[in-house]
Structure formats: structure tokens, C-alpha cells
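Note that chain A is present in both complexes that follow, paired respectively with chain B and with chain C.
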Partner chain A sequence: MVLLSMILLPVLVAPFAWIGEKVNRDFPKYLSLAVGIFLAFCTAYLIVKYPGNGFAFEEFYRIYPPFDFNLHLAVDGISLVLLAIVAFLAITVTLSSWHVERPGAYFFLILIFLGPMVGVFVSLNLLWFFIFWEFTLVPMFFHIGIWGAENRIYAAMKFFIYTHLASIFLLLGIIVLYLSTHTFEFGKILNIHLDPSVAKLVWILMFIGFAVKMPVVPFHTWLPDAHVQAPSPISVFLAGLLLKMGAYGLLRWEIFLFPQTSKFFAPLMAFIAVLTIFYAGFRALAEDHIKRMVAYSSINHMGFVLLGLSALTAAGISAAVYEMVGHALVISLLFMIAGYIHHKTHTWYISELGGIMKKIPGLMTMFVIGVLAAVGLPGTAGFVGELTVMLAAFDYYGWIMVIVPLASALGAGFFMWMLQRAVFGPLREEFKNLATLKELPLVENIPLAMYIAAFIIVGIVPAVVFNLYNPVINTFAQLFQ
Partner chain B sequence: MNINYLAATMVLALTGAFLPVINRLFRISGIQGALISSIGYIVSLFLVLISGEGRSVLKGFFTTDPVSILVGALVLVSSWMVMLVVYWITEKDKFVNELISALMISTAGALLLISANNFISLIIAMELMTMPTYLMVLFAFDDKSFEAGVKYFFNGALAVGFMLFGISLLYGMTGSFDFSALVKNLFSDPLVALAAVFIFAGFGFKITAFPFHFWGPDVYDGTCPGVAALLTGISKSAAFIGLMRVVYEAIPVIAGHFPLILAIIAALTMTVGNLLALAQKRVSRILAYSSVAHAGYTLVAFAALSVPLSVTGIIYHSVAYVFMKTAAFLCFAVLLFVWGARTMDDYKGLGRREPLLGALFLIFLLSLAGVPPMAGFISKVFVFTAAVDAGMTWLALIGLLNSAFSVAYYIWIAKQMYLEEPTLEKPINDSPNKNWILLPLAVMAVLLILFGIWINPVVDASAVYAAKVGF
Partner chain C sequence: MEKLVFLTYLTIGIFFAGSILAFLVGKFTQRWNSFWVAAFTGLAGFLLTCFIALNLGEHPVVHKFNWFTFGSFKVPLGIYVDSLAVVMALIATGIGFLDIVFSKGYMEDDESPHRYYFEKLFFIGSMVGLVFVSNLVGLYIFWEGVGLCSYLLIGYWYWKKSAAEAALKAFVMTRFGDVFMLAGIIVAWVLLGTINFQELNALALAGAFSVKLGLIISVLIFIGAVGKSAQFPLFPWLLDAMEGPTTVSALIHAATMVNAGVYLVARMFPFFDYSHALIVVGFVGALSAFIAATGALAHTEIKKILAFSTMEHLALMFVALGVGSAAAGIFHLMNHAIFKALLFLAAGAVIHMAHHQKDAFKLGGLYRYMPQTALLFLVGILALAGVPPFNGFFSKDWILAATYAYGNPIIFGLTFVAAVLCIAYGFRLWFVVFTGEPSEYSKKAKEAYPVMLVPMYVLAVLTVVIPFFKEKIIHFLFGEVHEPFFINLLVATLTVMFILFGIVFLIYYKRVISTAKFLAHPLGRGINDFLYNGWYVDAAIKWLCRHVFYGSIAKAIEWVDIHVVDGAVNGTAKLSLACWDRCRKMQTGDVIDYLTYFVAGVLVLTLIILFV
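Presenting the complex of A and B:
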């Protein structure tokens, strides 16, 4: 019942956020916070009780067994890590949105979003996975479209149509897979030997769906628009959860299910990954818009995730999952602070900023810490993630991956250059007497501090994350032998 | 046909027939009229639901199987909701009771059409369903609705003409109208194919399949939206089921030649419907062309007629369609009545003015677009799974791409309603009991989500039907 309640409770209480706004303006945000804490407690309970390997806490709700259309929920180590991210971001995003306009509708949509989000990570039925996956688009569309920046409507429409189009390929893949296996169950598909040509067709169709969500070059164009126009807390959901859905789907429903086909396509994945890393790195280098730069660095990191997955070894996959955690924590912090910089200085452009460290040292210190984590400073999650991914890639692909550390240097380059231009240096004249340029209120600092604490803890003690899912990945990695 | 089912159609038709008489005698108000009709609907619904057991009558003409019970019940529910909304949005002096009377008789015709298994009863049921709608289309009493009425009448007459010609060819070959006799005596023959083409053409008019779709948007746009809800939702769903019975019960011999033709017609219907919908400015025309596109999705399932899943696809899509299309037009009708909103520009910011109604409209639009967890999603899954199963992956891909692009105009309405600033300042008809009208629409939304997750009733009924027609 735990998993089902984690999916249903946010959705069922969501209307109360909308109604409650009329009674008390503060009610929706406390409700959302309570749901976030509820999710955190449930996840903590699951982590503590998790036996260490395999699927646990299985829940099976019969709907229509002849078509295998049943709600089958279970978690393993990988799902648990992602559930932890969902719960953590649910709390931090609520705190970051403390002073949002029209809170009723806003938190209604957040709650509507959280339930299916949990469902994506715990569903072992492919059709239900798709149902949850697809439904998350609707609240995101309204979040971007209503609370976004100037060009929000264009971004929201592009986001919805683009990702929906990608999902269509995923759905076609699911249909072809169902007709060849007559099941939607993860466990059953795992034991069926599929005809290689069918497996390749299914793999490609589903990969398009996942690759757009991740996103990887050349399917990434929706992301910079969506991120730049979305309000910062929603960017956190986009980067922290929506992109993880793509990577998780690729891992759970393609790499684990079709190990041999994935092996066939591994060079393609690695090529796309390296292309993504470099392309996003160069785009970020050229970018003047600070949030767009963070968005490209987010794509850059997702390239590392895909590179780790493409290595198809236990080390590579576990590095990729670790990088997903690091990305969720670090990029979320950067998106939040990029949003605050715009809020305080009324400009998005690095060329119009300068020396704001002098006016808001507290916020900018956190920004610098976040940037250092993003470029892979030892002691943060960014370092462990990139290093382990690179090691796994060297291991699998050999000397050709020597180019990847260059990309890492590129990442360091664009971030440091941005810091030097925007944050350090002399304070610009027009900022000297700007009244809005002041430190954040406490409640908005809490989530930022939470991100920093989290990525430092998992950076110093990576074992807290690795230990959770390594046995699972080791079990599945035997399939690639 | 089960005697209870027959009684259900009788009750409905007689309630409809006596409603104007009662009004002449007692001058009933809108609420009283709605109550009297509701009683008719409830009794009829009850009778349909218990028609699983009981004596059989008119055996050679109608059949009562799980499909007719299921779809009949859902058609009744949708028609009931249409009745409530039409009473609410129609001003008193416009012969509203006569309109409701025609609506109920037409629904009785739809109930008979979905259970007809003889060409004679099929034609009679179809005419019973269509004749009252010829009057209803004229109901807006303006030039546009006269134009729509004339167009509708001529197209309807043409459709019946085609169909009768096809049927007479079949009769000439076998000497029978009965489906069970036809299926035994027919063999693959050019004349049978010709007859099938004519019968398809007749149904093609009814379901607005390409190239017989031209009248559809003009009529749906020209008449008042409550009537359009009946025409595009209920009549079309009933015609889908009627066509399904003809194809699977009477002339399955065409399965050898027709799938490719049907597939091409399906692909063209979807594409034409979606492309034209994208170009529209008026919301009623968008909904009308989307209904053309949905005829295409159902035809995809017909094209896959060699596999049993196609039956599930057709029935599920009809079930989902009757709810979502009817309800979408009803939402449009209520917004038109309260705000006078016709075009996309009028829809700007309406979601803020009418949050609940807007949210309901959004549910129906997303269901039409095929977003889970609404029934429109799962029905598309069945339709396209059937197509892939029948070896027409290309058709499924065209259909899915169409479905993805169709999202553009559905979400465009959502964008106008929620993301733009309002343009309309004051409602033209501000009714104090506005929230009551949300109730029927909410019922349809709940049923739509329920059928999107709880697939058992529809799939079980389809399985029984598939077994009956020999899969």
C-alpha cells in the first residue's frame, strides 16, 4: 500500500490545494510541503526496509490480466534513489515557491505532477509506466505557460508538442513489444527471448522517446526554451525529475530488458553521448543568457549520464545513476540561483552583470559552490559522477574516450569564465544603488542550503548512494556477459 | 432482441413523443421538462442494463448482445447529458420541448441501430436516428442553420440511396436481408465488392469519412451546438457499431480485398481532418474537423479487420468517442451560451473566468488528443495495436503521428483558455445556477477517466462479440 499511497495521495489531495486557496492563501503551500514530507518519510521507510537486492515491496492490483494491464508496483535500489530525489525536490521546490502568485493552482499542479512522477519510477508494467510518463506533461505545460517568463507560451507549446511527439514513438515501441511478447510486465519481458530484428525496431522506437526526454543532441531543442521560460522552481522539476525519467526509462526498459540489442547499439549511444557533451559544452561557452547557459550545462551532464549507460558494465551504469543524482542536486541549485540573479538584477545576460559578489555575497558564495560542483570539484557529487563515468567509458571503449576529459575542461572553462564576468570583478555602476539587489529571505535560502548539503554529503560519502543500487546493477550486469 | 431492450427504446421514444403534448397541455417549464425526460432516460437505462436476460423477440431483425447493452447504455447516458445541457442553454420560446422530443426519438433510433442484424432493420433504425435530426439541425432558425439543414438533408438522402443500392445488390444475389443468411451464402465476387463499396459509401457519409466528409463541419458549425453534440457524438458512434456489425456479421468475405482500401481511406481521413482542424479559427469547426479525424482512427481499426483486436479497437473507440466528443461539444455549447465565445480569440482567458468548466473542457480535449489516463488514450492504444497486429505498422505510425500533431490544436484551445489574458469582459447570459450545469459534464468526465483505467467492461464485451463472429 505504501507505493500506491505515494502515487494516489498527492493526486487526491490536489483539489484541496485549489479549494483551500479561497479559505487561506497559505494553505496550498503547507499542503504541498506536507505531501513532500510524506513522500520523504515513505521513501525513508522504503530505504530502511529495503532488503538490499532485487525488487521489494511488490504491489499488484489486478485490472485486466488477459492483456496484462495491471498496476504492478515495486521498487529496487535504482527506483529508491530516484524516489529519494522526487521527495527531496518536492520539499525544496515547495520552499522555493513560497511566495508564488496564484498559489492554489500552482500547488494543485505540483501535487498532480508528483503522483505520476512517483508512478514512473515504481511501475513495473510498461503500459502503466507510459500512462504516468505521459501525464506528467500536462501539469508541466501549465506551469511553464502560466508562471513562466515573457516567451512562456511559445516555450510551453513547444515543450508539449515536442515531447508528446516523442512519446508517440515510445508508444509505438510499446505496442510492437506487446505484440511480440504479449505482456507488459517487466519480469516477463525479461525472460522472453525476442527476435533480434524486432528487438532492434523496438529499441530504436523507444530510444527516440527516451532520448528526447533526456535530452540528447539532436533532440534537445525543446529544453533550452522550456528551461529559460519556466519559473526557476519548475526548472528544478524539469531538470531534476523530467530528464531523469528519460534516463531511467532508457535504463529500466531498454538496457535491462534488451541487453544484447543495447550492446549492438552501444556505440551509437556513446557517439550521441560524446556529441551531446561537446555540443552542449560549446553552446554553453557561447551563451550570454545565464539560465540558458545552465540549461546547456544540464544537457552536457545528461550526456555524461548517457555515456555511462552506454558503457553497459556494472561500473558504467552505476556511475550513470550516480551522475543522475549529482545532476539533480547541482543543476537544481544553479537554476534556482540563476533565477534569483535575474530577479534581483532584472537582467539575464552575463555581459550586463558584473561584481554582484560585492552586493550579495551569501547568495553568490552558494552559486560559486554550485558551479564548482558542476565542474567536478573533488568533494562534491559532480566530481564522483564525472570521474566514474569517464573511468567506465575508458574501460569499455578504450583510448578513444580520451576526448571526454577535454569536454570536462570545456565545462570548467565556460563556468569559470561566466563567474569571472558575472560574479567577480568590479561592481557595475547601475547595481550600486539597486534596491532589489539584496540577500534572500530565510525560507528561500533553506532549499539552496539543502542542495549544497546534499551534494557535499553524497560527494564525500558516495557509498550512501552506491550501496543502495550496486547489488541490483551487478545482478543485471550479468546479462551483458 | 431482448424484450427489455425493446421496451427501453419504446419508453424513450414514447417519452419523447409525448413531451410536446404534455407541454401543450400543461405549459411545463424547462426544469419540469428536464425532469420528465430524465425519468424516461432513467427507466430506459435501467431496462437496457437488465436486458441481459428475458424473452427474445424480433429475432431475425435485432440482436441483444453485450456490445449493444454496453454501447446502448453509454449512448443513453450521453444523450441524457445532452438533454440536460440543451434544456439549460436553450431559451424557452424556441420549441425546446420539441427539440428534446426529436433528440429522444433519435437516440431510440441509435439504440436500435447498434443492435440491428438485418439490413431492413438497419435501414429503419438508421432512418429513425436520422429523420429527427433533419429537423433538429434547423433549430437555430437562422440562414446558416437552413444552409446546414439542406446540406445535411441532401447528404443524408444520398447516403441512404447508396446504401439501399448496395443492399439491393446483396439481396439480388442471395435473396435475403438477414446477416446470418448473408454470411453463409456470400462468396468472394466482384458484385459483392461493389455492393460493399456502396454500403461503405452510405456509412462513410454518416461517419464523415474521407471523401464524404465535406458536409460534416458545415453542419456541425451551422447548427446549434447541442444538436452538433448529438450528431457528432451519438449518431456517429452508433454508426460505427452499425458498420461493425455489417462488416463482421454480414460481409466478412470482403476481408481479402478491403483492408488496404480501408487503410488508405483511414489514413486520408485522419490526415485531412487534422490538417483542416489546424487551419480553423472557430472552435466549433476545430471540434468538427477533429471528429473527422476521429472517424479516421476508427477506420484504422476497421482496416485491421483480420485480427480480433480490431473489434476491441472499434468498440473501445466508439465508447470513448461518444463521451469525449459529445461532452466537448456540450462544453462549447455552455461557453457559447454564457460568454458568446465562438472563435479562438474569444476563448482567450476563458479558463480563468470559468475555472471548473474550463478544466472539464480540458479533460475532454486531452482525451480527444489521447493523453492518459482518459479513455481516449487507451482506445487509441487498442486501435493502433490492432493495426500493428494486422501487419499495418505503417498505418499505425501514420495514425500515431496524426495523433501527435492533433495535440497541437487541442492544446491550442487549452493555451487560449489558460495562458492568455481574457478578452471577453462580461458574460452575455449570466445564470445564477451556473454550477448545476457542470454536474452532467462532470459525470461524463468521471466516466471518461473511469473507462480509461477500468478497461474490463468494454474489453469483455468485445471479447464476447469477437467470439461470436468467429475469431
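Presenting the complex of A and C:
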């Protein structure tokens, strides 16, 4: 019942956020915070009780057995890590949205987003996975379309149509798979030997769906637009959770299900991954828009995730999952602060900023810490993620992967250059008397401090993450031999 | 043994704990209270290191643990404290402590001493960690840690445009070297199965892998060392790093961090030796030494002359390692750390007291106003120039002898020229700053405070005392070492140095020869600018970044991204809109049109059915 309640409770209480606004303007945010804490407690409970290997806490609800349309929920180490991110971001995003306009509708949408989000990570039925997957789109669409910046309608439409079109490929893949296996059950598909050509067709169709969501080059252009227009807390959901669905789906429903086919396509994945890493890195270097730069760096990191996954070894997959955690924590911080910079200075452009460290040292110190984590400084999650992915990739592919570390210099290049131009240096004249350029209120500082604390802890003691799923991945990795 | 393991971890930890404490104390009580925390931490760390050094027996202190496991990889961390590590740590903590004390005077006008001491202690902690760790990943962690502190401290006055730019250059340029090193670490880890220094060296001694593989790994790792130790071509950041407070230059960019590259090569000496990589080290060192020594001769800012000089001496250490004499290299590292810290602190005193005038030629006659500083500076110059009986003489002469014995004429030639030029640029600097007519800046100067003088006296005494313990130190570090000695080389060196001193004396003290004529000539001006700008390596790197990486590649990808990749996406939308528009126009409401479509449709269908 724990898993089901984690999915249903946020959705069921969501209408109260909307109604409650009429009674008390503060009610919706406290409700959302309570749900976040509830999710955190449930996740903590699951982590403590998790036996260490395999699926646990299975729940099975018959819905329409003739089509194998049953709600089958369970978690393993990998899902647990992602659930922890969901719960963590639910709390931080709520705190970051403390002073949002129209809180009723806003938190209503957040709550109905969280339920399906949990569902995606715990469903063992492919059809339900797809249903949850599609459900997350709707609240996100309205968030961008209503609370977004000037060009929000274009971005919301592009986001919705693009990712929805990708989902159609995913659905096609699911249908083809069902027609040849007559089941949506993870466990059953795992044991059915598919015809290789069918498996390849299914793999490619589903991969398109996941690749757009991750996103990887050349399917990435919806992401910078969506991020730039989305309000910052929603950017956090977008980068921290929505993108992870793509990587998680690829891992759970392709790599684990079709190990041999994945092996066939591994070089393709690796090629796309390396292309993404360098392409996004150079693209970010040319970017003047601060949030867009962070968005491209996010794509660059997702390239690392894909590279880890493409090395079909226990090491590669563990590294990729770790990198997902690191990415969620680091990029969330950077998106939040990029949003605050715009909010305080009324400009997005690095060339129009300068020297704001002098006015808001507290916030900018956090920004510098976030940037350092993003460029992979040891002591943060960024370093462990990059190191482990690079190691696994070199281990699997050999000498060709010796070029990947060079991308890290690129990351240092564009991020540190941005800091020098936007944050350090002399304070620009027009900012000297700008009333809005001041430090954040305490409540909005809390989530930022939480991100920093989390990525430093995870960076210094990576075992807290790795130990959760090492046995699971080691078991699955035997499939590739 | 157990106790020493604990004390080693404690030494590393005390600096990190101290750094946070210094920040908090400074933030929430009186700001300058952070100084007392820092001084106490520095002293405690130094005493702990001394204790470890004194109790270090025949066997090194070793401890190892598993940091984390992923897949089939176990990531180990641990410590390995031998005499080399402990000497490096003594330099870092000892000079670090003196520097902390000196800063009390130098940074007196500073608004945020708690930030300063936080970064400083964090740096010393990382440096101590760097020399104590037992494997490449551990080294890389602290290597980046010292790099971070260097970045933060160069940009300490971040509101100055030049400081922000210098910090950026330092970070990116050293990072560029570091990623090659990271690649080297990954290659070694996967293909050799270990990253532990001792195991790597043991594999090399056993000849367990091909020389070619070893060479690739060594060169990749050496590129990291080149970046950190400011060798050709990754040196321009060190000159710009002089934007930071002078105390930072003294500790980080002269005495400790920049030595990390030399230390790394020394640590992996058998590995480099087996892989035939030492010749690369030697050539890079010799070339860098030449560029730096001639650059120092042409430059006019006090700190940049010293920066060029630092680069030169690091290069000499690399040459020593390259020609196979690790003992000479490390001995010089130690001597250089002492006399260069002294020189930088003295330069800091001059700059601070002369109202932040850094151009040597705008000072002058300072001997009259700050005689103690002048004499201390002179001691530094004598040691730097390698004049007996100061410590620089013993190690530099050894390096020259080892290079001579090695027999490569190019390496020896460049090294010899660089080594003897020290006396020329050293005394040029001293004469220009401390003798002659006082300028308006000099007239305002007064003697440095006691809190600044005392650390300088300690260092000055060390430059004289160290030579007496030369045998002991070398024995402690390397056991029995054969030191080559050539009397004719020694005589030649000293003669050339004497002649150079004479020339400089005539130009800059007696001022009977003028360089104005040389500089007025276009060729002379050109040569001077070429040397002054470090062979325009900085300009070349800037051009590469601005016009190739940013201007060409990044801009081209941006264009492709907007017009091709996203263009295709938006193109699909336009295409479907256009289709919709065309289809809409078919709905004319005219019965004849509809009938035409109907007949055409029937025709097409019939044809398909008939022929397919």
C-alpha cells in the first residue's frame, strides 16, 4: 500500500489545494510541503526496509487482466534512488515557490504532477508506465504556459508537441512489443526471447521516445526553450525529474529488457552520447543567455548519463545512475540561481551583467559553489559522476574514449568564463542603486542550501548512493555476458 | 605506526576544520579573530608535521581504505607518508604558518579577513593532503583542491576586472592540463589495474607493461604537471596570478602549489624513467627555463619578474628530474621554496609600504626608507642567484653538474644560460628598487612592521642554515646519492655570473651604460617585447580560445543548432501549417470541383487495383 499511496495521495489531495486557496492563501503551499514530507518519509521507510537486492514491496492490482492491464508496482535500488530525488525536489520546489502568484492552481498542478512521477519510477507494467509518463506532461504544460516568461505559449506548445510526438514512437514500440509478447509485465517480457529483428524495431521506436525526453542531440531543442520560459522551480522539475524519466525508461525498459539488442546498438548510443557532450559543451560556450547556458550544460551532463548507460557493464550503469543524482542536485541549484539573477537584475544576458558578487555575495557564493560542482570539482557529486562514467566508458570502449575527459575542460571554460563576466569584475553602473538587487529571504535560501549540502555529502561519501543499487545492477549486468 | 596514521589524517583534517572555524569565528565575532584561529591552526599543523617527520622510521606510514565501489571498480584512497612526502608537508605547513603571520600586517586594510584565512587554510590542508595521499585519484582530488584555492585567492579582489580575468585564466589553463592528467589516470587504472604510486612504480621496475603504454600515460600525466607548475606552453597564468595578494603569491605561486607538478614527477620517478618520459620532462624544463629567465630580464614589475623567476626555477627542477637526478630536483625545490617565499614576502612588504606601486622602475632608493627589508630582499637575491654560501648555490650547482654529466647539449645549453641569468635579473631588480633616486612612492614608504619582518628573518636564516644540513637532508630523503662534481664547470659558472653581475652593476647601479639606445632601436624593442611577453605564448593561447574555440567551433555549432537542428523542428511545424492551408483551399463549395476530385479519385483507385 505504500507505493500506491505515494502515487494516489498527492493526486487525491490536489483539489484541496485549489479549493483551500479561497479559505487561506497559505494553505496550498503548506499542503504541498506536507505531501513532500510524506513522500520523503515513505522513501526513507522503503530505503530502510529494502532487503538490498531485487524487487521489493510488490503490489498488484487487477484492472483488466485480458489485456494484461494491471497495476503492478515494486521498487528496486534504482527506483529508490529516483524516488529519493522526487521527494527531495518536491520539498525544495515547494519552498522555492513560497511566494508564487495564484498558489491554488500552481500547487494543484504540482501535486497532480508528483503522483504520476512516482508512478513512472515504480511501475512494472509497461502500459501503466506509459500512462504515468504521459500524465506528467499535462501539469508541466500548464506550468510553463501560465507561469512562464514572455514567450511562454511558444515554449509550452513546443515542449508539449515535441515530447508528445516522441511518446507516440514510444507507444508504437510498446504496441509492437505487446503484439509479439502479449504481456506488459516487466518480469514476463524479461524471460521471453524475442525475434532479433522485432527486438531491434521495438528498441529503436522506444529509444526515440526516451532520447527526446533525456534529451540528446539532435532531439534537444525543445529543452532550452522550455527552460528559458519556465519559472525556475518548474525548471527544477523539468531538469531534475522529467529528464530522468527518459534515462530511467531507457535503462529499465530497454537495456534491462533487451540486453542483446542493446549491445547491438551500444556503439550508436555511445556515439550520440559523445556527440551530445561536445556539441552541448561548445553550444554553451557560444551562449550569452545565462539560463540557456545552464540548459545546455544540463544536456551536456545527460550526455554523460547516456555514455554511462551505453557502456553495458555494471560499472557503466551504476555510474550513469549516480550521474543522474548528481545532475539533479547540481543543475537544480544552477537553474534556481539563474532565475534569481534575472529576477533581481532584469536581464538574462551575461554581456549585460557584471560584478553582482559585490551586491549579493551570499547568493553568488552559492552560485559559484554550484558552478564548481557542475565543472566536476572533487568533493562534489559532479566529480564522482564524471570520473566513474569516464572510467566505465574507457573500460568498455577502449582508447577512443580517451577524448571524453577533454570535455571537462570545455565545461570549465564556459562556466568559469561566465562567472568572470557576470559575477566577478567591477559592478556595473546601472546595478549600483538597483533596489531589487538584494539577498533572498530565508525561506528561499533553504532549498539552495539543501542542494549544496546534498551534492557535497553525496560527493564525499558516494557510497550512500552506490550501495543502494550496486547489487541490483550487478545482477542485471550478468545479462550482458 | 597506528599513531602516525592517525596523526597524518589529523594533520590534513585540522586545516579543513580550522578553515571553517576561522570563517565562522570571523563572521560572527570580531573579523580579525579569524587570524588567531588561523595562526593557531597553522602552528598546530606545522608541529604535527614535525612530529611525524621526527618519528618517521625506516618504513613509510601507510594506510588504505575503500572509498566506494561501483561495478567491478573499487576506488581506493589512503595515505603514504615517506621522507619525500613529509619534507613537502614541512615546506607547506612551515611556510604556510609564516605566511599567515605575515598576512596580519600585509592584509591590515582588508575587509574580509575571515574569507582570506578560510581560503588560505583550505589551501594548506589541500596541499598537505596532496603530498600525503597514496594514489593518483587521491592526488587528483587535492590537486583540484589547491587549484580551487589558487583560483579563489588570485581573484580575492574579485571586483577588479584584472583580478577576475587572472583567476579565470589560472583556472582554465591549469584545468586544461588537468583533464589530460585525468585521462592518464583513467588509462593507467583500466590498463594497468592500479593507481597506487608504489604499485605503479613496482610494475615499472618489473617491466610489466610496454614502454609505449608507459610513455602515453606518463606524458598525459606530465601535461597536468606542466599546467600546475607553469611550464611551457601552459605558463601565462602564473604571470597573471600576480594579481592576487602578494602573500598568496608567496605561498601558493612560489613555495608550494606550483611545486606539485615537480613532486608528482618525483613521486612517479621510476615509472617515468622506465617509460622513457624523462627526456620529455628535461626538454620542456630546459625550454621553459630559458623563456622564463630571459623574460625576467626584460620585465619591469617586481612581482612578474619574481613570477618568471619562479617558473625558471621550477623548470630547473624539471631539468634535474629529466636528467635523472631526483635528489637535486627535490633539494632545489626545498631551497627555492624558502628563498622565493622570502623574496615574495619582501616584495609584498615593499609593495604594501610603497602604496601598491608594483612597477619596479617607479620605485627606487628604497634602501634609505626600509633598510631591513632591503637587506632581507638582498639575501633572497643572493640565494636565488646561487651565490655561495646561500642555499640556492648548492642545489643549482648540483643541477648544472647533473645536466652537464647527462650530456645533451641542448638541455645543458639552455639550462646553463637560464641558471646564470638569475644573478642578472636578480640584481637588476634589487638595484632598481632599492638604490638610486627615490621616487614619490618611495618617499612615502617606511619600514615594514615587526609582524612582517619576523617571518622574513626566519626564512633568511634558513637560506644560510640549510647548506649545513645538506648531507643529512639528502640522506633522509634519498639515502646514498652520488653527486657529480666538475671543478671547471663550477669555475665557469661563477666567472660568467661575476661578469653578468658586473654588467648589471654598471647599468643599473652606476648607470654608466644605458639601455635606452638598445630599446630605441626597432630590433632591440622587438626582442625586448618578445621576451617581456613570454614569447607571445599568452597571445597565441588567447587567439586560439577567442578565434578557434569560441569564434569558429562554438559559433558554428550555435548556427547549426539554431538554423539546422531547431530549424528542422520549426520547419515541420511550418510544413504542416502549409499543408493545412492548401487542404483548406480545396473546400471551395463548388459542386463541379467536388465532382472533379471524386472522378479523379475513382480513376486513381481503379488504376491501382488494375496494376498492383
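The rule is simple: the second predicted complex is superposed on the first by the 481 of 481 C-alpha atoms of A that agree within 3 Å, B and C clash if a C-alpha of one lies under 4 Å from a C-alpha of the other, contacts with A are read in each partner's own complex, and residues count from 1 in each chain.
In this section, contacts are C-beta pairs under 8 Å (C-beta built on N, C-alpha and C of every residue); 3 or more make two chains touch, one makes a residue touch a chain.
Everything numeric here is computed off the predicted structure, so don't read it as measured data.
*Asks:* Looking at the superposed three-chain arrangement on chain A, would you call chain B and chain C a clash or a fit?
*Replies:* Fit: chain B and chain C sit side by side once superposed on chain A.
*Asks:* Tell me the contact category for A:L137 with respect to chain B and chain C: first, second, both or neither.
*Replies:* In the superposition, A:L137 touches chain B alone.
*Asks:* Could you tell me if A:V176 is touching chain B, chain C, both of them or neither one (first, second, both, neither)?
*Replies:* In the superposition, A:V176 contacts chain B only.
*Asks:* Which holds for A:A435: it touches chain B only (first), chain C only (second), both, or neither?
*Replies:* neither
*Asks:* Under the stated touch criterion, which partner chain does A:L127 make contact with: chain B (first), chain C (second), both, or neither?
*Replies:* A:L127 contacts chain B only, not chain C.
*Asks:* Once chain A of both complexes is superposed, is A:G145 in touch with chain B (first), chain C (second), both, or neither?
*Replies:* Only chain B; A:G145 stays clear of chain C.
*Asks:* For A:F69, using the defined touch cut-off, is the partner it touches chain B, chain C, both, or neither? Pick first, second, both or neither.
*Replies:* first
*Asks:* If you stack the two complexes on chain A, which partner ends up touching A:L377: first (chain B), second (chain C), both, or neither?
*Replies:* Second partner only, chain C.
*Asks:* Please tell me which partner, chain B or chain C, touches more residues of chain A.
*Replies:* Counting contacted residues of chain A, the larger count belongs to C.
*Asks:* Give the angle at the C-alpha centre of chain A formed by the C-alpha centres of chain B and chain C in the superposed arrangement, rounded to the nearest 10 degrees.
*Replies:* 160
*Asks:* A:M1 contacts which: chain B (first), chain C (second), both, neither?
*Replies:* neither
*Asks:* Using only C-alpha atoms, work out how near chain B sits to chain C after the chain A superposition, in angstrom.
*Replies:* 5
*Asks:* Under the contact rule defined above, give the chain A residues that sit at the interface with chain B and also at the interface with chain C.
*Replies:* Overlap of chain B and chain C footprints on chain A: residues 161.
*Asks:* Tell me, which parts of chain A touch chain C in their complex?
*Replies:* Where chain A meets chain C, its residues are 158, 161-162, 217-218, 220-222, 279, 282-283, 285-287, 313-319, 322, 355, 357-358, 372, 375, 377-379, 383-384, 387-388, 390-392, 394-395, 402, 405-406, 408-409, 412-413, 416-417, 419-420, 423-427, 461-463, 466-467, 470, 473-474, 477.
*Asks:* Quick check: in the complex, which residue numbers of chain C touch chain A?
*Replies:* 67-73, 137, 140-142, 144-145, 148, 155, 158-161, 163-165, 167-168, 171-172, 175-176, 178-180, 182-183, 186-187, 189-190, 545, 549-550, 553-555, 557-558, 561, 565-566, 569, 573
*Asks:* Give every residue of chain A touching chain B within the complex, in rising order.
*Replies:* By the definition above, chain A touches chain B via 63-64, 66-67, 69, 127, 130-132, 134-135, 137-138, 141-142, 145-146, 152-153, 156-157, 160-161, 164-165, 167-169, 171-172, 175-176, 178-179.
*Asks:* Inside the complex, what are the residues of chain B that reach chain A?
*Replies:* 366, 371-373, 377, 381, 384-385, 388-389, 393, 396-397, 400-401, 403-405, 407-408, 411-412, 414-415, 418-420, 453-456, 459, 463
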